[in-house]
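Going by the order they are written in, the chains are A, B, C, D and E; count residues from 1 in each one.
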Amino acid sequence: MKPLLDVRNLELGLRHGGQAHRILKGVSFQIMPGETYGLVGESGSGKSVTSLAIIGLLKKPLQTLGGEIFFEGRNLLALPRREMRSLRGNRIAMVFQEPMSALNPLQTVGRQIAEMYVQHQGRSWAQAEKMAVEALASVRVPTPERRARDYPHQMSGGLRQRVMIAMALACDPALLIADEPTTALDVTVQAEVLKLIRELCAERGTAVLFISHDLGVIATMCQRVGVMYAGCLVEENATRDLFVSPRHEYTRGLLGALPKLGSRRLHGRQRLVDIDSFIADRSRLTETRFIAPRNPVPGEAG
Amino acid sequence: EEPRQGGTFNFTAPYGSSFATLDTHASPNIQEEFITQAIHRSLYAWDSNNNAPVPELATSVDESEDGLVYTYHLRKDAKFHNGKALTADDIIYSYKRIADPKNAFPGASYVAIIKGVDDFAAGKSEDISGLKKVDDNTLEITFASPVNPGFSLMQNTTAIYPSNVEDEATFATAPVGLGPFVFKEHIPGSQLVVEKFGDFYEEGKPYLDRVNIILMSEDSARDVAFRNKEIDVSVLGPTQYQAYQQDDALKDNLLEVAEVFTRNIGFNPKVEALRDKRVRQAINHAINTPLIVERLVKNKAYPASGWLPISSPAFDKDKAPYAFDPDKAKELLKEAGYENGFTFEVTASPNESWGVPIVEAILPMLQKVGITVKPKPVESSALGEAVTTNNFEAFIWSNQTGPDPLAAMRCYWSKTAQSACNYTSYSNPEFDKLYEAARDERDPTRQTDLLRQANNLVQDDAPVWFFNYNKAVMAYQPWVHGLAPNANELALQPYEDIWIDDSAPDNRK
Amino acid sequence: MMDAPLLSVENLHVRFPLSGSWFGRGRKMLHAVNGLSLDLAKGECLSIVGESGCGKSTTALSVMGLQEPSEGSILFRGKPFSGPQAPSRMERAMAAQMVFQDPYASLNPRQTVWHSLAQPLRLHNVTARSELSDRIERVMRSVGLTPEQAERYPHEFSGGQRQRIGIARALILQPEIVVLDEPVSALDVSIRAQIINLLLDLQEEFGLSYLMISHDLSVVEHMSDRVAVMFFGQIVETGPWSAIFSDPVHPYTRRLIATIPDPGAVLGLSREAVVEGSVQAPAGWIFADDGSSAPDVTVAPEPSELVEISPGHYVRLARS
Amino acid sequence: MKLGFNLILGGALTALVILAGLLAPWLAHFDPVLDADLMSAELPPDATYWFGTDAQGRDVYSRILYGAQISLTVGIVSQIINTIIGVALGMSAAYWGGWWDDLVNGLTNVMLAIPSLIFALAVMAVLGPGLVSLLIALGLTNWSWTCRIARSSTLSLKSLGYVQAAQTLGYSDPRIMFTQILPNIMGPVLVMATLGMGSAVLSEAALSFLGLGIQPPFPSWGSMLTDARQMIQIAPWTAIFPGMAIFFAVLGFNLLGDGLRDMLDPHMRTRKL
Amino acid sequence: MLRFTIRRVLQIIPTIVVVALLIFVIFSVVPGSFATSLLSDGKTAPDPQLMARLNEQLGLDKPVHQRFITYVGDLAQLDLGTSFRTRRPVLELINERIWASLQLAVAAMIFAVVVAVPLGFLAALRPGSILDTVTMVGAVSGLSLPQFWLGLLLMYVFALQLNWLPSFGYGDGSLRNLILPAITLGVTPLALLARTTRAGVLDVLNGDFVRTAHAKGLSEAQVVRRHVARNALVLIITTVGLLFGSLIGQAVVIEKLFAWPGIGSLLVDSVAMRDIPVVQGTILVIVVWFLVINTAVDIVYALVDPRIKQE
């Protein structure tokens, strides 16, 4: 089976004068159709820029310096702008972290969703707005007809994130990129949103690139996880394997640094791992990489 | 050359950017006179050729022996713009309106020369006893004292209004008069339009169909407009005077006249040093007046040799002005005990010809003889107040010193209040004697002679620095004819005499 | 009964006017805190958990005297700590200090760390240079920084280091109570552990009492002695940490715990058993509010009370 | 644009004005007031009179140098007054809130509603023309923007950790305002003040034009320009040089302000206008 | 919406009251009076009796507090008093002038908006481009020019040298007369507006929702049209309102220079003449104008931006 997304040796950064600052130093990973792939890592390790590079939305000083991104067999980095545009939203969709600012404050959410149908399916606005109501219903927004006429500020954070999801999934994309979609939400709301993403994507067979720094969220969402550190993918493994037997020093530190619910009851209060003292030499961290051979996606024959 | 009929004349009113009111009785300002000149007529008018007031609305005047009672035979052909013929009632009505204390009109002081105005103003009488209608066309006026009534009754604030207008408030927006032009339209702050009055009493006049009196107070803007031929006349400041003289296209069309204003710096005797006549004379000697007049005022003035101006009948041609003589000045200062100098402040408005720039020019000159001058700038409107409330050390101003020399010299009479016009609190018994004699003198030559002596006495005492007499200059477009050299105020022109020839731009012909 | 508590909050109410302009008098009020009571004993760590906007920070600010309570009282060692008889700012400073959530905003960017630490000491009459240096050195060391670093400005520190400085500043006056408002939630995962360890060490070393606010339940479980669960201005359940995490009773608490995504799940540390099924309210009582929907914050809630269901474990119930 | 371009050019122009003002006594060839010789009036620029002479025969170059002193005084003093009023009101209003905040807000709205030139005109009419009046008039006119900025900056600082920490550490309110808030709102305030200096110099020129500026013998650029406006045809240099002086000085202040803002406040909070 | 409008309208009343009070106080201590200003041309010899009568007639002989009571009483009935100089109701005088002022302000604003908004927009879309640099350098230069200087310059060039336009005045109210003063007046708002537009559009462009729009696969033009324009408009409207509101006040110098019959020149003349009722009335009208425009802007703002009318 061919991977849906194949990022090969992606290098990215900014050029200043004649010099290039590299932010991503050769990142490679693959996502199978229907698979949920998680990216974790320290703040600033390059998770967001990776996702932006995939969808082609890097902002000015940043640019790709090397590598390829194959999506459905085509190298996105070499794609003409127009074609890239027709993929965006249509085949690759994205959900951002801050649902408040990611929605246009001056348009009703219905219209913002409808725009997807107009853009990619050539519907008329009237038709599209009807479809938007259905889309809202599909993300389990109560009274979708009424809600479609609401402006973003009239909605709670959880609802807004649902709107974002409805928008992203409107055209049944093959790949959904979710960059920390729940960090801005309350725990109870977070659980609902995560559940929604999980269920909808499973239903439609959408592959997900899920970015988070919350290991708990990753654990509940993803089949495979990549750990990023300082612009490198330092470890990749099936989720369970990664949690049970982390191999990279940084991953081990990361897992040990987290208090785990229930462990105090079982083991009493133990000191948490202090990554700084745990890892002797940070500069060496990116030298070793542990990429596990990929297992076939559960439930699918390779 | 035969005057050409018709056309539009673009006149400019240069002294402020709006007409206060079209009710000329209410405003003493020069700006409103531009309208009055077109729309209204007073009992007397100024004859610029002879420099004297002459009866305008009367065909003949009989004067009584004692000079108190004048009988006016009014012209029969004069009509108001509303169709009413002029009668004695209109004059009585107008003067009563002016004198009415409820109105508090500035012209009240002019009609105060008529007997009985006091009682009328005090409410003791219904009528003014000095005004008597003999018949529709004959009016007898009794004056309180023997004065020449012409100076007072030619003013725009004593214009004659028709007595048949119900609502007096309309005078302010739709004036009705006897003049050669009829009020047409007023765009406040922009311009006022008048049109030819077909029934004007002078045969064949006016020539023009229409006069636009355009408000333009900003000199530089007016300059552009004139060069651009958008306006037909422009009153020039010194700088422009010089520029126009140097410009071949413009230099031939300049009308110049010596006006009846004396520019001066008045000294306040409150200031110790300025109380000394020698100090005041020293100042007059220390300033190179001709140089300032030549270079700074660009010869748009005549150096002053005394209070009364050149055009005044009592002007003394032979009296020499103070010579520029710094050594003499130093000597005088030494005599007076001020060889180390002193400091005084000159309250000045921003005026270009008689304001701060002049003070700036005398500043280095006086510094050379040890006197330090400090300009104290004030707004024009605050200058009058500072001076009349005696709240100054010295002031620079331009004072009207004509056409009536008696009125001009009255300002140095010690009984004249400081606030009235004896701004320098001048007091000299010798002068008082001369002035009183002149006032009571009925013979014009002798009176003039007395006034000349008085004037020379003032010059000697130097209560002021005699700076200059204004020269007014008006530039006009080559197609304009009939302008008059009005020494009272050059900008006031007899519109009825003006005409424009064929070389005028098409849209104005 | 335990010893007299160090700090006790009794029936605290805080209300904010909605859209406060002077035309707005008599307008609706937002009931941010509604009759909250709690005790904090010497040396213990009491955590308040609850979702965003339920009034946790407001409670903390009231304790710190940064927010005037609308009603109720706060007592420190039995003496009023709020209201007209409250001690002055200076006295209060010796009793309680606070560590703030955002390490980037909690230090004055224009003062060196030394200055930030020395100024409060000077204000409290520690002026001798040697003593100042001495105390600053000690506190810097105790939060794991070197005294030399005190000469630097905040922007020269990383987030974790800044949080240490924030803690140092809270400790410099040697208070008895430290209020921690989400002390680690703004920090990167990898740094959190250090700060949590540090806080626990300091508590032990100085016998501090912590009033901690957090919505990260795993941190709460790790650090707390007692836990209070807050829901829209009220405490719905409170008790020892073990009781709350192993026997949550109130539906809201149970939901809260159930929704935590936990890496433990993949490791088999299942907590499903704890929160599956439903718990019945004791006879004669019902759960006043099951926390499934947000109540109207502009009106005072229905009467209900905290009922002790096992020693020290209280649940908010209403009479049926 | 590259960071600092504004700052560099603005700083250079401003420095030039400051140097011109400070060094005027040494750089000037003549006394700006007393060296007036009517015989040499209106001379075009030459080796002696670099910028020519004016109607009074004074050296325009020297007057422009001394004029820099006046313009700087106008700019700086009026902005100091503005800033003090604006910051004191804005900071205290935001910090204390309540009725005081309402009052200050009301006052700010009133000041904003009266166009500044008109307010300055009114104040000048009361005080009479002159340098001191002008400083007061301009100092009282433009504080409302500063006040708004000080207020909003303080509001956002007020809930920050370090300000609250200062309260819990026992600092008094004035101490907090001076040591914790003031230094941290100075950035945007400084930007406003710099931009305000430019508009103060322009206002001086406008008021001069209306007859209410600083008046001679002080050689202020505004009054030089006003005096020269009729001489454009016969002695253009008398108008060109003061005009350029104003233009470049104000440009300098504006660029400096922009540059400072780019540096301190990249999100343009400072000037919605 | 209606309630919002009513509330905003009511809010301007206290401001007006305070402004009225402020200008009353200022002009009750101003040196010089109408009576003495009549002397300013050195021509009219003052007659003390007449001056006293004049002051009595104008009510200037009464104590200040009494005058204030009368003033406020009249004001409450929307009576701005009677001009000293023209002896006509102030309202009437203002009515004669205000239309010319409005004409000027509207023309200047149209000029500013038409030029500045597209330029600012384009500059923001291509930051760092030549257009951007030129626009911004032009804008900051426009802010650094003394207005009357610029006016004179335009006058010399367009009227005298090129002879395209009349140099001054209202003429018969035609557009030709309006052009030069409107351009002169428009330069400052133009510069400010170009800067705010650019900054505002840049701000919007950096907004997360623009990234969302790109992620939807919209083209640059579609993003700008559907998402950027309206959001930037909100800021532009506020700025335009603020500028437009203060424009009449700023026009004073230009009205003087171009002999434009607006209330700005009425104000300056009246200050010079100490015609206090007119001064007070004019300032009040200018202030009311400012407040009304800004209130209108707030209301429009609320219509454009659904977030506002909520509370």
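Keep in mind that, in the parts below, a contact is a pair of C-beta atoms (placed from the backbone, for glycine too) under 8 Å apart; a residue touches a chain by one contact, two chains touch by 3 or more.
Remember, it's a predicted structure, so these values are computed and weren't measured experimentally.
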Moving step by step through touching chains, the smallest count that connects chain A to chain E is 1
Of all chain pairs, the one with the most contacts is B-E
Greatest centre-to-centre gap (Cα means) from chain A is with chain B
Per mean C-alpha coordinates, the chain lying farthest from chain C is B
Cα centroid separation, chain C vs chain D, in Å, comes to 49
Chain-centre distance (mean CA atoms) for chain B and chain D, in whole Å, is 43
Whole-Å distance, C-alpha centre of chain A to that of chain C, is 33
Whole-angstrom distance, CA centroid of chain A to CA centroid of chain D, is 52
Chain A residues touching 2+ other chains are none
Within chain E, the set of residues that touch 2 or more other chains is 31, 152, 156, 256-257, 268, 272
By the touch definition above, chain B meets two or more other chains at residues 220, 378-380, 382
The answer for chain B against chain D in the complex is residues 219-220, 223, 237, 239-240, 242-243, 246, 288, 291-292, 294-296, 350, 352, 356-357, 359-361, 363-364, 367, 375, 377-380, 382
Chain C partner, complex, touching residues on chain A are 42-43, 186-192, 194, 213-221, 239-240, 243-244, 253-266, 269, 271-276
Residue positions on chain E within touch of chain A in the complex are 207-209, 211-219, 222, 226-227, 230-231, 234, 304-307, 310
Residue positions on chain C within touch of chain A in the complex are 51-52, 188-194, 196-197, 200, 215, 217-219, 221-222, 241-242, 245-246, 255-267, 269, 271
Within the complex, chain E is touched by chain B residues 15-18, 20-21, 23, 26-30, 101-104, 106, 108-109, 169, 172-173, 187-191, 214-218, 220-222, 224-225, 227-228, 230, 261, 349, 378-385, 387-389, 397-400, 407, 411, 417, 419-421
